[in-house]
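Take a look at the structures listed below.
Across the two complexes that follow, chain A remains constant while its partner is chain B and subsequently chain C.
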Partner chain A sequence: MSQKSFVWSCLLPLVMVTAAFFLLPMVRLVVTGAEGPQGFAAYLAILIEPRYRATLINTVLLAAATTGVTLIVATIAGMFLQRHRFPGRAVLIAMLTFPLAFPGVVVGFMIILLAGRQGLIGDLSSRVFGEKLVFAYSIYGLFLGYLYFSIPRVILTIMAAVQKLDTGLEEAARSLGAGPWAVQRDVVLPALAPAFVASGAIAFATAMGAFGTAFTLATNIDVLPMLIYTEFTLAANFATAAALSVGLGLITWLILALARSFSGSAVAAAG
Partner chain B sequence: MRYRLIFAGQFVFTLAVAAFLMVPAALSISAGVTVSYFRGIRSGVTLQWIVQVWELYAGTILLSFVVAFATLAVTLLAGVPAAYALHVRGGRLARVVEELITLPLAIPGLAIALALLLTYGGFGDFRRSWLFILAGHVIFTMPFMVRSVLAVFGTIDIKTLDEGAASLGASPWRRFRDVIVPNAMPGILAGSLMVVTLSLGEFNLTWMLHTPLTKTLPIGLADSYASMRLEVASAYTLIFFIMIIPLLVAMQLFADREQRK
Partner chain C sequence: MSTANGHGASVSVQACGKTFADGTRALESATLDIARGETLVLLGPSGCGKTTMLRIIAGLELPDEGGTVLFDGKDVTSEPIEQRNVGMVFQSYALFPNMSVADNIGYGLKVRGVPRQERAARIAELVALTNIAGLENRRIDQLSGGQRQRVALARAVAIRPRILLLDEPLTALDAALRDRLRGELNRLLRALGITTIYVTHDQAEAMELGDRIVVMRKGTIAQIGTPREIYFTPRNRFVAEFIGAANIIESPVEDGHLVLSGGRQPLRSGINLAVAVAMIRPETIQVVEAGRAPLSGTIDSVSFVGDRQRLVISGTSRKPLTVDAPNAVQVRPGEEVGLLVAPESVRLLPLED
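What follows is the complex of A and B.
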């Protein structure tokens, strides 16, 4: 066999698997989305129909809040861990990255243990204030779950980016009389911008599309993945479910593609 | 003085974040071996919940391993040769293919699962078997294998090695087996760890693809969270932790070793 045909035959299994179980199904999904009573207009329903639009706005707000808070928390912790050496540092990093491999369902259970009916927060609040605080089964619980999910990922990215920073620039700024806040604001944070964009896009796309955590907490939380799920399984409304999931897929793909063209590195959602 | 204050503040903050992540995990682990979570650890330590989980859900744990290793086998057989082909061929076609196989990472698993259901839902035997779940897992994990191997090819001069072996008369297949694969080993191992870990924990796709007879571990977990007492759910979660910790540790050690090189 010639070298050229060998290379082609190396590629063949992957192309076959991808075509059969990804490309063909995705085409089918897009076609099904247009097969409902509204035809191709079903794709506009996500923006026009008030109920879907409200869910979309809800999901975007939740994802934006998750991204913002995660970036702030992870930057403070990640910068600290990368810049200081102290006993127990390795253990602390291990603790912060251990949840990386938790699936969404397990994260949901963690939130139930924190803020559910038998949760720690409710237990403490009923002892201190005499009132049991339970919010796991609402959008606030979901928010907490997405923080739990994205903080470890973003911390890792920030730590790697901080490690690559040129400390000479900060020293130069200090020698020119800049205070610690000015150095952070004008030197460190701008240099971390690509890492913020890359990891922020992942956090955002994941919070838009993740399903396991919401599913564990409650099936009536008003976010897009739950809406798709209930349309498909409970209402058996295949066309709407397909159209909505094509819309959701387009949004997450677009965010990640934009982030990639800005930060120049490969970006992927998880979860 | 000011520096120490900033240090202390950041330290306390980081500890609080670690507590947010670790306290529920610790609660879950302790609840899994406590007689009664409501009465606390004073009620005694027991393995009865673990035993009960095993009796109820052993099948899901076994199926998860079957699916994970089958996913690994397919991603190895299809992904490693493909990474080689993409690397040596290069150019626009290679970029397009890489882009296409990475797409499943940017699209929510729910959408991919719906697409698979709409396309193959009518093929009853396939739909009912665990191979249906395998198809989803392969699509979801393939990019990790291919990119992990491609990353290694980027750091070594595969072309010279390949041409050297060719000039000595080795056939393409022999060169692939005896030169390319051994050199790609670090990437293959890192990719394999990633694939197995992701497959064991995959829920978004699997929930839509499973049937009552093909439940994997995360499906069983969701089931126990919804319908079992907290101690049983916790014991089940504990079993999951025990399964993935060795994989995580191996991944970490591997990353450290690569970094030191």
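What follows is the complex of A and C.
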């Protein structure tokens, strides 16, 4: 066997795995999406049909809000944790990573325990204001669940990025007369931009597609994964479910690609 | 070019020590006065406290209780660096990677709210001064080490600081570039005439740039003086060995003579000591024919370095002597020679360490 054909034969397992687990199911999904009564128009329906479109916008907004709030909270917390030494710091960091171990179902369960009908927040608010505050079964509960899910991942990424920051940059900015806010705005945040994009992308993709939490909280939350589930299992509408799946994947991928290309220029500018 | 506030401020460091949170004593209580317009070099090996001293003057570190820093007689100890109006050049340059060269240089002016046009004029002035014309729109990662160093300097000077602080600004460069930029930096500092504090571990840099040098060791000041004072009259063995090359000889002194195995070397005064530590610089030893000098020895090795040749001579004292001879002198290893040293070239040092 020649050197060349040996190398090619080594690629065979990769080709087989790619075909079996990636290409074939994808093609099948795309084809199924077009096999309904509307044909390929089913894909257009995602954007045209008001219910689908509202759900799509809802999902993107929810994911964007989750990403935004996660980044803000995690940046402040990560910065503090990386820059300060205090008793119990190691334990706190270890505990922060604990939510990583939970599946979405458990996170959903915890949100119900917190903000559900028998939840802690409801108890407190009924005692203080005489009115029970319950939001676990709505998109707000889902938002809280996704935050809980995303913040630990993002904090860890931000902490690693903060550790690599050249403190000389901040000192240089200060020596030039920049106050604390100006230092953050002009030096620290631009330097952290690549970390924001990398960890934000993970938070965003998770919030777009996570199913377990949504399913645990309620079956009537208008987010894409739930819509796919109901179309598929309850309405047995395979074509629409497939079209929605492809749409979900494409939109998430597109937004991440945009963020990456944007950050690509930011990273280049950041040296 | 002159700065708006004349030639910077005078600096007075009074009883400033520094103990870090983990208990490390980086700087013993030290007092230091720097005149307006003077270039002072803090020189010493790593860990000697020179950078800590610089950071205390800059306002990046607070001195231990009781220490004060005065600029032009005014106590600035509690002012953070952003209020002290000092220009600082860092060893890593710390240029902002998200800004162009021009934006880096203009950053301090922008923070101060200087209008765009005025800023542009000042940037152009500094670009010309530091010789980086044509690089204004470059990104930092497109610059060479030498160019970065100039941008860092331009950025620090742009704000017309009262004091210019430089933390090993040439250390990150390769040797040839370092030599060239040292000369350039020297001219620039003289032209600016601003109070400058310069930290380095390189004694050649300290010699060339400093009006005065502060030699530091283990958190204390070993000696303060002009380059000549430091070189010719070191106060102790550490300074003698750290600055330039030095032969350190331990021997008894009889009637004003060092008593060595290779002969008796006369001193300036006729003292008697059981044991003395003497310093003789290699270039002050003259190689003559054997028997025509009070000292004699055998040439161990000859290394020709171009402008001079460095000889190692054994048999004169306990440790081999280093001698710098003119490059035209004909000598061979194994040869017996006489060594002539003027009495004033032998400096007795205190016995400590």
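Definition applied: the second predicted complex is superposed on the first by the 238 of 271 C-alpha atoms of A that agree within 3 Å, B and C clash if a C-alpha of one lies under 4 Å from a C-alpha of the other, contacts with A are read in each partner's own complex, and residues count from 1 in each chain.
One rule holds for everything that comes next: a residue touches a chain if its C-beta (ideal position, glycine included) is under 8 Å from a C-beta of that chain, and two chains touch if they have at least 3 such contacts.
Nothing here was measured: the structure is a model prediction, and the numbers come from that model.
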Touched partner set for A:64, first chain B, second chain C, both or neither: neither
Contacts of A:171 with chain B and chain C, given as first, second, both or neither: second
Which of chain B and chain C A:186 touches, first, second, both or neither: second
In the superposition, chain B vs chain C on chain A residues touched: B
Contacts of A:34 with chain B and chain C, given as first, second, both or neither: neither
Which superposed partner A:73 touches (first chain B, second chain C, both, neither): first
Set of chain A residues, in rising order, touched by both chain B and chain C: 266, 268-271
Sites on chain B touched by chain A in the complex: 2, 6-7, 10-11, 13-15, 17-18, 20-25, 27-28, 31, 37-38, 74, 77-79, 81-82, 84-86, 88-89, 97, 100-112, 114-116, 118-120, 135-136, 138-139, 142-143, 146-147, 166, 171-173, 176, 197, 201-204, 207-208, 218, 221-222, 225-226, 230, 233-234, 237, 240, 244, 247-248, 252
Touch list for chain A against partner chain B, complex: 1-3, 6-11, 13-15, 17-18, 21-26, 28-29, 32, 73, 76-77, 79-81, 84, 86, 92, 94-96, 98-106, 108-114, 118, 120, 147-148, 151-152, 180, 205, 208-212, 215-216, 225, 228-229, 232, 238, 241-242, 245-246, 248-249, 252-253, 256-257, 266, 268-271
Touching residues (chain side chain C, partner chain A) in the complex: 58, 60, 80-83, 85-88, 90-99, 107-108, 111-112, 139-141, 155-156, 159, 165
Residues of chain A touching chain C in the complex: 166, 168-169, 171-179, 182, 186-187, 190-191, 193, 266, 268-271
